Structures are given as C-alpha cells and as structure tokens.
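Next, two complexes with chain A in common: one pairs it with chain B, the other with chain C.
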Partner chain A sequence: MRQLAGAALMLLLWALPVLAALAMLLPGAIDGEAWAALLQHPQLWPALALSLFTGSVSALLALLCTLIIAAGFYRSRYWAMLQQVAAAGLALPHLAFAIGFGFLIMPSGLMARILVGGEQPPQWVTTQDPLGLSLVAALVLKEVPFLFAMAWSVLSKGDAAGHLLGQSRAAASLGHGRGSIWLRIVQPQLLKRMAWPLVIVFIYGASAVDMALVIGPTQPPTLAVVVWQDLNDADLAHNARGVAGAMFLTIMLAAVLLLSFSFIALSKRARARFRSAGPSRLGLPKRLAFSLAAMIIAVTLGVTLLLVLMSSAPRWPWPVLLPPNHSLAAWETFHHASAPLWASLGLSLATSLTALALTVAWFETRPPQHDRWLLGLALAALALPQILIVAGQYRLFLLAGLSGTWAGLFLAHLTPVVAYVAIVLAGPYRAFDIRFAKVAQSLKAGPFRMWRLVKAPLLKGPLVMAAAVGFGVSMVQYVPAQMIAAGRIQTLPVEAVTLASGGNRALTAVYALMLALPPLIAFSLAALAGRPRWR
Partner chain B sequence: MKLTRRALTSLAAASAFARPALADGWAAIEAEAKGQTVYFNAWAGADTINAYIAWAGEQLKARHGITLEHVKITDAAEVVRRVRDEVKAGKAQGSVDLVWINGENFHAMKEDNLLFGPFAADLPNFALVDIEGKPTTRIDFAEATEGLESPWGMAQLTFFGDGAKIGTPPAAMMELLDFAKNAPGRVTYPAPPDFHGTTFLKQVLVETIADRALLPMSIDAETFKKASEPLFEFLDQLHPSLWREGKQFPPSQAQVKQMLADGELLMALTFNPNEPANLVASGELAPSTIAWQHSGGTIGNTHFVAIPVNASAKAAAQVTANFLLSPEAQARKADLKVWGDPTVLDLMKLSSADAALFTGRTAPGAVAVPAPTIPEPHGSWVPLIEAAWLERYGS
Partner chain C sequence: MALILHQASIALDGRPLIRPFDLAIAAGEIVTLMGPSGSGKSSLLALIAGDLDPPFEGHGQIELDGTTLDTLPPERRNIGRLFQDDLLFPHLTVGENLLFGMPRGDRAVRGKMMEMALKDAGLEGFGNRAPHTLSGGQRARVALMRALLARPAAMLLDEPFNKLDAELRETIRGFVFSHISDRGIPCLLVTHDRADVPEGGRVLAITPQGEVRHD
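On to the complex of A and B.
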C-alpha cells in the first residue's frame, strides 16, 4: 500500500503530464515530410557537430576542473568554505552569466579595453566564434560550481563520506600518497555518484538556446538554435521541421550517452587494474587546484560586478573603463513590477518542496532498480527542447481546463524541477547505507520515525541542496510561464525575457540580478544547513 | 466622452448613407464592453512601449470601464500557436482578446480562420485612417487585411549611427557597399529569419532587381532564381567587408544595436524610424546619433491589432482598438518622448485641435529627411529569400 502511494503521486503529478505531453507530440515526430525537410536543411550536420562538440567538451572540461579542485581541496581547511562559494556561483542564471561574460571577452568588451584600447575596438573573434569556444568557456565556468556542489555533497555528507574516510586511512597506512588515495579510492566512488549530474551538464550544454544566442556561433548556430528558430516560426511546415529536429537532437544525445556508457563499461577491467596497482607517493595537484578555483571565482565575481555596473549604465561605449553616466531608470522599472516577483517566489517554493517530497517518497518506496525509469524520464524531460514539452502540456491542460490557472502553472514548473531534484538526489540518497535502516528496524522504529530521526539528519545536506537546486530551476522558467499561464499570471522570468528581447542591457542586467538573488539566498541557506555538524 | 462624440460625428459625415445603424451598433458595443477585461498580447521588449500600453489601460478604465491587461510576449508567433491550439481544443473563451500583429503571423491567422471580424472598418475612428496615403493600412505584406485587423502604427526601415564618426551616411545600397569597404568589419545585419535581417535583404532586393513589377506578385521558384541574381551578386560583394568578413552574423537586431552602442559597429538598423531618437532620449545612444533612410525609399509597413475568433471580450477588444486609433492616443504614441511610433491617421482628416496634438517636434537622433515608403514585396518572396540565403551563407 505504502509502495503504491509513493509511486502514485509521482506518476500523477509529474510523470503523467510529461508522458501525455510527449504523446501529444507523437504525430509530429513521425511526420515523414518534416524529416525529409530536416535532412535537407543546409545547416543540419554542421549544427549538430557544433552541438555535440560544445556539449561534450564543456561537460568534460567542467568535470576535469571539478575533479582537480576537489582533489586539491578535499579535507583541507578551505573545504567547507568552497561549498558556500560554489553555492553562490550556482545562483547566477545561465543567461545572465552569458551576458556578463560576453561583455568581458567581446571585441568591444572590458578585456579589450584594458589590453588594447585605442580609437576602435580590435577585430577579435571572441564571442560568436565559429567553433563555439567562447560558448564552451562560458558553460565550463558556469557548470563547475554545480558539479563541485554535487561532488561536495557526496564527499562530505552521509555515511558514504565516513566510509571514504576510513578507506583513505587504510590506504595511507599501506603507503599510498594522498594523490594516489584520491585517484584510486575517492575519485572512482565519487564518479559513480556524479554520473547523472554530469549527464545533465552535457545535455544542457548541447541543447541550451539562451546562452548560445548570446555568445554562441551563428553561421551555422548550434542545432538547438536551429530547432528553436523553426519552432518559433509562424509557418506550420517550419514548426513540423522543428519538431523533427528536436527529436533528432534528442536521439543523437542519447546515442552519445549510450556510447560513453558502453565505453566506460568496457574499460572496467583497465580501471580495476589501475586501482589495485601498488602504493605510489603521488601528491595532490594543490597549486593547480588553487589557481583553477581562484580563476573561476574571479571570473564569476567579475561577471556579477559587471552586471551591477551595467544595471545602472544606459550606455557604456568604447573605450572607457567605467560607464560615463548613471541612471536608476532600469531599477525603477523593476520596482514597479513586484507582483511577478512574489508569484515566482511562491511558485518556486511550492514546486521545490513538492518535488523534494515526491522524490523522497519514490526513493523510500521503490527499489533502486526502478530508478532508471524515473531518471530516464527526467533526462528526457530535460533533453527535449522545453518549448516542445510545454507545447504538448499546453494542449493537454487546455483539454483539462488547467491553462491560465495556478494549478496548471504549478504542474508545468514541476516538470523540470522534479527532473533536477531526482537527478541531484539519486546519487547521495541511494548511497545511504541500508544497515542504518536495519539497525533502526531491529530497534523497532517505524519507517517514518526511522526516516525522521536517522535518515533525514544524515542526508540533510543533499536534501537541502536538492531543494535549493529545484528552487533555482523553478525561478528561471520562462517557457512554461509564458505558455501555460496564457498571460493570466505574470512571473519574473516572463518580465525578464520579454524585456531582454528588446536588447536593453541595463534592464536585462537588473532582471538577471533579481533572478539570481532568491536562488542565491536559497543556496546559501542550503550550504549553511549542509555544513558538517562535527566541525 | 468628447472623444467618442467627435469620432461619431466625423463618422456620420463620412458614411451617413452607407451605414445608418452603425452609431447605434457602436453604442451597444460600448455598453457591452463596460466591465470586461481585455488581455492584450503585445511584444514587451521596450520600456517605452510597455509604459504606453499601461497609459492606454488607465484611459480605457476611466472612460470605458475596461480593464486592459498587457500580456507580455517576445514574439507574436507564440500567440498564433496558442490561439490555434485553443481553437483546435474547442475552447470558446480564449485567453487572447487582442494581439499586436502583422505580416506572416497575420497571414497564418487569416488563413486558418483564427480571426474575428471583419471589424476594423466599423470602428468609428477608422474613418480618420490615411488609407490613400498609407495603403499599407489595408494591405499587410501584399495581403488584403479585409477588416480583420485594425491599423495601429507605421514602420519603415531606417539606419542609424554616430554622426560624429560617420559623416555622410550612405543613401543607397551601392553607397553602403563603398561605406563598408572603407570601414571593413564595422557594418553587419542580423541573420535572417530575424525579421530585421530579412527586411534588409528585401531592401537590397528592391534596390537591385531589374523588374520591380515582379515584387507585388506571387513568385515561383524558377522566376525567383532569375530575379534574385542581382541580390546575391550584391551580397557576394558586400559580405567580405562586413563584420567577421560576413562569415558570422549577429542573431538579432537587439544585438546589432548593442554593438553599435558599444562602439564595435558603425551603424545599425531598425523598423521604427523614431527608435534612434528614443534611444538617445533614454541615454542608450550618444547625443550625436543620426538616423537616415535611403533616398530612393525604404521598405515600410503597418502594424495592427487583431481579435482572435475565440476572444472572450470581443466588445471591449473593439473599443480598445478604436481607442488606440483615436487622435489623442495616436498623438501620444507618435511623441518621441513617449514611444515615437508614427501615426496611421491622416492629419488632414482631423479637426485642427486634434491635428495640433501632433506637434512634429524634432529631437536628436530623428530622421532628418524622410524618404518615401516602399511596400513590402509579396509574402511568397520571404521564404524563398530566406532559404536561398541560408543555402549560400548558412554554414
């Protein structure tokens, strides 16, 4: 009974709307004419190559940076502080980061003003470079805090962290250096639990539209942008081609993931051989870790500062280093619209807490082997362009009389929020040592009591972090708010994105900062709550 | 209520014989409109526009008891999709009452019977519209509006840049070519299908095509191939001198405008002739900004408001459309300090007091010598131009 209830709610509130939305799109997905048109699109193959390149390279580089930083700082005295810093870095929305970062590196941007100066800006090929390298750089800088926060909660919280500590001590007494311990003991177990977050980072990097539009390549753009242009067209034939394109991109992403996972499975033996090799005195890349962390923090801080400056500068022409005049006009515009802020805050709080409850209920009542259905659907929900899923949901909600209602808006926001929360929580939650539960059971503690008194305190860090991630994800949802609310309810991202479409940089910066503030508070609280108690 | 009465008298004079019952009909519509809420779906990318719509809302509330809710959107295509889905699902009380629209979005809605009406010609203030001088108020991208949308404002392709840096601006595409060659890497245009980019291509087409008589006609792929040869010859010459040697293009007009403001480009383009003046007023562009149009004329059109077939408040939507056409609302909209969107009205048809509302003030950044408007080519040109451009320069 309990088993059924746990899954039923997840099915009803989350899986059903997602699956039904996908079913609504099925006729479009098998439209032969649309596929033929897609295959004739002159940008298809180069755009696909760009998408896969930016997605995979940014994910791998972000992982590499995260591992180096984690290795260098693991169990050092800065370890707890870094978590707070990563949490702050998480809060800045992707689009806001891209705008600030773009202004840093573009030919007329701050870097060029400092390094080159002169009458006219240099003709650098930085933003919108044909290979998408600036997009990759922005993605890496933005995703390292996310991956680090995930790594941190695996390494510092719950019983798994305790096991790692014990094993590390054992290895040290066998003569392994700290670097060797990291590579042979800590990192393999860490990577196992970071697979899903890494998959999200890859999918995001390969399918992001907002960041790609600001600093990504244009002729051709990434495939996500090509698809997005088609889906936004008034022409039905282009829409159909867009649906086919979205399916195609999703299939390609799935193929890349499948290949990667089979490669990892094949390399199992080689990795085991490496792990069981004799002791080595290998040290930790402390200096590299320090410089990497310092650079990422400096860029993120710089970008935030640039956004603050931009928000009060109507104009910031070449070659001056500071805006020539200030105006609070953009802030005043924001001040007039406080209702959307409250709507967004309430909605994000409700969706993140609901998502947390649904996910915990699932993990508590379903066996781990059922997780693949949950996580598979979650990944599909994140990999397919949101405009498609929401279009399906809109049709569904129309029939159910939910369009333009709070309930509809809530369900539509729940789609990405549950997906993120489930993926973020799966690793740490499933790593929980079942023996704790057995002990509790033998002491005649009921399941709820056991969860409240034993499990929740031990998993507090990941739980709070997952809720904060959910909150942050919900705060920046533009597409569902735009379509499902049908103009009846205004949220902050709708205001922000519609204003950004006009290109007023000051206003865009104001909204970017205001979109970042609530998640910043949420992540800081999560980081505080997640701090180990024994320190 | 002065406004309505004046409008009614002028209407009565214009069509007293044709529609004797109209005045009564309109009074009934106004009565029905009272207390209704109009969800006006309109692009909200500019503060000035949002403030103007908020003002219109206050006026409608005070004069007609109508609540105007501005539904902020980034692209009217979103609305087309939403209405299409609603109608397909049989939703009679739709979410959209009024939409800001023109061009291909209008065509799509008209073709799929998603629009209420005809209603435009029955609006009392429609009698004031300059239908002879501004034929695009009834012909939207070479497609007859048939009263399914009511004109709201005028648009015309306009270029702008910093007068302190560029001296004499290019007054034709051939001059633009020289201009770009003299300043390599400092000129560009947004990549189509951004509609500013597409409009730039149409402008090149108009200035280079051998036989202009083809433009208002539906075109087939064969004829297009031949007729567009000079267009692509010109672009082949122009591109090497553009930003990033014409291998990359910014995705939107907003970005081109920002790159001009930052100093990376020497010129940008817009569809609202008064946008440069507006940007100077808000401090986003230098006070030395100048705006210009090609002396032989530039592509222009009209933007409209339309009522979806399933609108919930059709009466109030019509009253709103009528208010937006009133001399007072049109004059305020045309004011450079408010929005600067050119009027669709014929000032000669207005009373002298109303005409005086349009002060014609000039401001830094305003177009010095307005050029004639060239109507949009027939809608069938657009997909062909975009596809051919993508084929040649897309990757």
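On to the complex of A and C.
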C-alpha cells in the first residue's frame, strides 16, 4: 500500500497533468485548417530560421566556451572556486539577466557610454537586432555557468571523476601532453555525459519566450514568440494555429537534434582516427580559458551592478557614466504593488516543497530501476519546448475549470519544478549508503524514524539544495504564469516582461532584481544549511 | 638504460614521509619497494613520474639514461606506468587503446604493431572489442601492452596485481616481468605482497621512520 502511494502521488500531481496536457494537443495535430494557416503564415519560415539559428548557435558557443574554460582550469587550484562562481551565476535568472544585459548593450546603455560617448547615443541596433545576435549573446553568457556546473560535476564527483583522473595519468605516462589528454580522453567521455544538458540548452535557446520578448528580434520575432502571440490571441483560429505552431517547432527541433546525432554517428571513424593517432604534446589553452572565464564573470557582475544602479536612478541622461542622483521611488512603487512578489514567493515555496515531498516519496517507495520512468519523463518535460506543454495544459485546465485558478497555476509550475528536483536529487539520494539504514533497523528504528534521524540528516545537503533549485525554477516561470493564470493572478516574471517593453527602466530593474534575489537567498541558505555538522 | 634517484625524498605537509635516499635500477632490473599503507610508496612513484600533487612535496634528482627529469612534465619523461586498476580508456576499443601511446607514423606499420601486440597478449582478433567485454586478466595484459608500445625508457608498477585473483595473479606477474626484462627496461614495483617479488630481485622497504632500506 505504502509502495503504491508514492507512485500514485507522483502520477496524480505531476505525470498525469503533463501527459494529459500533451494528449490534449492530439486533436490539434490533425487540424488541417490550423496547419494550412500556419504554413501560410508570412513569418513562419524566417521566424523558424531565427529560432534554429539562436538555439543552435547559442548552444554550440556555450558548449565551446564551457569546454575551453573546463580544459584550462581542470585540475588547477582554481577548479573548485570556479564551480562556486558558476553556482552564483546560476542564481541570476535568465529573464533578469536579459533585462540587465539589454541595459548594458542598448545604444544608450552603459557599454556605449564607456566606449563611444558623444552628444547622441550611437545608431546601433544592439538589442532586438534582426539576426538575434543579442539574444544569442545573452543565451551564451547565461548557459555557460549551467554547462560548466554540469561539466564540473562529471569531472569532480563520483567514480567517473576518479577514473578520469587515473586515465589522465595513464595517458601522460604514454607521452600525451595535457591538451592532448583533454581532447582524446577527458572531453569525449565528458561530452557523452553532457548530452542531455546540451539538448535542454538547445531547446531552451530555440524556444524561450521571455528572453526573446525582452531582447530577441521583433521583425520577425523567433518562432516561439510568433506561436506565443497566437496562443494568447482571443481568436480561436489563431489559437489553433498557435498549437500547430508549437508542434511544428517541436518537430523542427527534433529534426535538428536527429541530424546532429546522425552527424556525430557518421563522424565516428574520423574521431577514432584522431584519438588513436599517437602521442601529441599539445598544451592547454590556459590564457584563452582565463580570458573567457574573466569576461563572463565580468559581464554577469556588470549586469547585476547595472540593475542595482538602474533601480535607484530616476533619470540617467546621456552620456554620463553614472546616474547623477539616486532615489528609492521605484522600490517604493514596487513595495506598494507587491502582490506579484507574494504570489511568486508563495507559489515557489509551495511547488518546491511539494516537488521535494513527491520526489522523496517516489525514491522511498519505488525501487531504483523504476527511476528511469521518473527521470525519463522529467528529461522529456525539460527537453520539450515549454510552450508546447503549456498550450496543452491551458486546454486541459480550461476543461477542468482550473484556468485562472491558484490550483491550475500551481500544477503548471509543478511541471518543471518536479523535473529539476528529481534530476538534482536522484544521484545523491540513490547513492545513500544502505548500510546506515540497516544499522538503524538493527537498532529497532522503524522506516519513518530511520528516515528522520538517519537518512534525512545525512542527505540534508542534497535535500535542501534540490528544494532551492525547485524554488528558483518556480520563481522565474513566465509562460505558465501568463497563460494559465489568464490575467487573474499576477506573478513577478509576468510583470517584469510587461515592464521591460515599457519606458520605466528603474521599475523594470527593481523587478529584475526581485526575480534574482529570492533564488539567490534560497541558494545561499541551502548552501549554509546543507553543510554537514559532523565534519 | 638506467633509472637513478639521487637523494629522493617526500614530505607531507612539511613533515618527512620518505627520508632522502639513493637508488639505481639497471636495465631490465625489477626492484621491489614494500612498506605499510600510507608510507609513501605510491607517492614515490608519482615523484618519479612527475605528477606528485600537493600536499605532498618531493625533492631530489631523478635521472633516466643520463637525462635529468626533474623539470620535465609527466608526458616528456618517457616513463610507463601500470596502476592498481588497468585504466583502459572505456570510450576506445582495445585496438585504439593500444595505438594511443604508440609513436606517430605510418598507419599500416602502427596497425601491424598493434596486431602483433594483441597476438603477444593472446588476444588476437580482440582489437575491435570494447574494454569492458574483456576479463580482468585480458585487461591487465592490454594495459601492459599499451604501456610497452609507447616504448618507455623505465616502468613504474603501482600494485598492478592487487585486484587479480591468486591464480591469475601468478600468470599476469610472469607475463609482465618477462616482457619488461626482455626489453631491458628498468622497473620499480610497489607491492604489499611478498609473492609479487621477482625471483632474485632486490627488495627495498620503507621503515616507519621513513627510511628506505634494503630488505
């Protein structure tokens, strides 16, 4: 009975809303009129090209930067420190970063003030440029910390890390330089383990709505934004075209992934030849790695400081480098209209704790071999474009009377939150040394007592970190909050995106900072609370 | 070919772990180093190989065929190593593992040498197999062949027979020792097990005080 309860809860609250939402889209898949309308949409092909360009180029550049930085710092004395820096960078949400990055690179932004000056701002098209280059740059800067954290975890934790270290030593004894060891031994094995994070980064880059709305191209926008506009249209025909568009985008992204994997498979022989070509004294690109890491850290810090400055600058005339005066007026305005903050905080707290409870219940009641179902669905939920899942959830919740309700919003937020919590927690939870449980049982502790007194304290670090990750993910959900809340419940990301298209920069900066601050506090508290007391 | 250590010593957090000692290993000679766990045996091998990491600190001079190795990175020392684990690269086939350390050159020649090594190890036709499909003994033989195909001027063996069962251990030991001696490679073997000591070979022991003495 207890074993069924864990799976039933997960199924009812998380898996079913996701699967049913996808099932709701099936009628749309055979709606000939909607597909015909989509294929006649004048922006379809250029928007698709932009989506594929921003998604693939940002993912490839982010991967390249990550690999160069990892190669340059692997086994160096800065390796551990760099992981902490990456974790801090992760706490800054994509949306908040896009807003701040826009302030940095726009024609009247800080970069132009430092580099150009003059009487008038330059006639640059830096944000919302037609090729989506600013979106690509923002995505790369934001995804490198994520990919680096993944790479760090592979290279520093568990058995695989020890094996790689041993293999590196063996390769050195066979005459290979550090660069050659990286390219021939470490990188191939690292890339194998980073396939899923890379897929998620690509899909996110090609289908993100919030970042694209803030900093992406507009004439035409990316396909995700075109679809988003249709999905939010009151016209039912446009709505159906939006559903077809979400499916079309998903199919196109899957096709690109299939092509990429085919190319990788076809290049197998060439890669094998390279790896077995014999010893090479190739060194590591340490200077390049250092420069790249320093640049990304500087831009991220700069963006954060810029948001702080902008939030207290009622006016910032061109071309002065710093605001002439400061005021807390924007903060006061935010304080008087803080309902979206409380809504976001409440939702994030509820979803992260629920996700944690569901995931722990699953791990406690299901055997490890069943995890592949949970993790498979979690990866699918993250690897599918969010607009596709939310479009289905919108239809499902309309039918169930949950649209525009807290319950609907809660379930929609729970989709990505459970996925992240399960992925973050699975490794450490399943690695728990079962002998501790057996000792506790031999000392007459029942399952609950054993969990409370032995397992939970020993797994405190991963548990609180998983909750913090869930909290951070929930705080920045724009697509479900906008669509499922149907304008009846306002959350922070929805307000921030709306403000970003307006002229009140100070208030926009406040919202961006308030998007970043709660996750940062959650991560810091988790890092503090998760430290084991017995060491 | 000779491997010579002058006043080699190792300190851990500033305290001496192995006190200064001299050692000369002649071509084809296999010297065994024994000592309790934590006495610094593996650290000494790391010092010779050039990858001794902090908090360990190494001193002294290491010479191979008259060349001082002290400032050279591990990959330039031309010292082959076998570890407790075979450390075959799991993403490469057996054949690719063997080619990995083989000097660059004509592909056909390298391929032939690889085939010969496989034959020598009793693994003919195993070139395209993945390492995980091999037995422990087969993997150990591939690891040795991989090290030898890199034409090392010295070999360091860090308890390479430890994880093999008793029967296999003896076979692999004979296989490793004969190949190293036949090629005239000076070799330092670290082990816990006296049965690993080659017949008539010199044995050194690290005392609890960190002194290296002839046993």
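The rule is simple: the second predicted complex is superposed on the first by the 349 of 535 C-alpha atoms of A that agree within 3 Å, B and C clash if a C-alpha of one lies under 4 Å from a C-alpha of the other, contacts with A are read in each partner's own complex, and residues count from 1 in each chain.
Please note the rule applied: a residue touches a chain if its C-beta (ideal position, glycine included) is under 8 Å from a C-beta of that chain, and two chains touch if they have at least 3 such contacts.
Keep in mind that what you see is a predicted model, and the values were worked out from it rather than measured.
Novice: For A:398 in the superposed arrangement: first (chain B), second (chain C), both or neither?
Specialist: Touch status of A:398: first partner only.
Novice: Looking at chain A, does chain C or chain B touch more of its residues?
Specialist: B
Novice: Using the touch definition from the top, say if A:275 reaches chain B (first), chain C (second), both or neither.
Specialist: second
Novice: Could you say whether A:170 touches chain B, chain C, both of them, or neither, answering first, second, both or neither?
Specialist: second
Novice: Considering only the touch criterion stated at the top, classify A:192 as touching first (chain B), second (chain C), both, or neither.
Specialist: A:192 contacts chain C only, not chain B.
Novice: Is A:120 touching the first partner chain B, the second partner chain C, both, or neither of them?
Specialist: Only chain B; A:120 stays clear of chain C.
Novice: So in the complex, the part of chain A that touches chain C is made up of which residues?
Specialist: Spelled out, the residues of chain A in touch with chain C are 163, 166-167, 169-178, 180-181, 184-185, 188-189, 192, 272, 275-281.
Novice: Please give the residue numbers of chain C that touch chain A in the complex, ascending.
Specialist: 49-51, 73-76, 78-81, 83, 85, 87, 89-93, 95-96, 99-105, 110, 146-147, 150, 152, 156
Novice: Would you tell me which residues of chain A are touching chain B in their complex?
Specialist: Listed in rising order, the residues are 42-43, 46-47, 106-109, 120-121, 123, 125, 128-130, 213, 217-221, 225, 229, 232-236, 239, 314-319, 325, 327, 329, 333, 391, 394-395, 398-399, 403-404, 482-483, 486-488, 490, 494-495, 497-507.
Novice: So in the complex, the part of chain B that touches chain A is made up of which residues?
Specialist: 39, 41, 43-47, 69, 71-78, 80-82, 85-86, 88-89, 91, 95-96, 104-105, 107-108, 185-186, 191, 193, 244, 247-255, 257-259, 261-264, 282-286, 383, 390-391, 393-395
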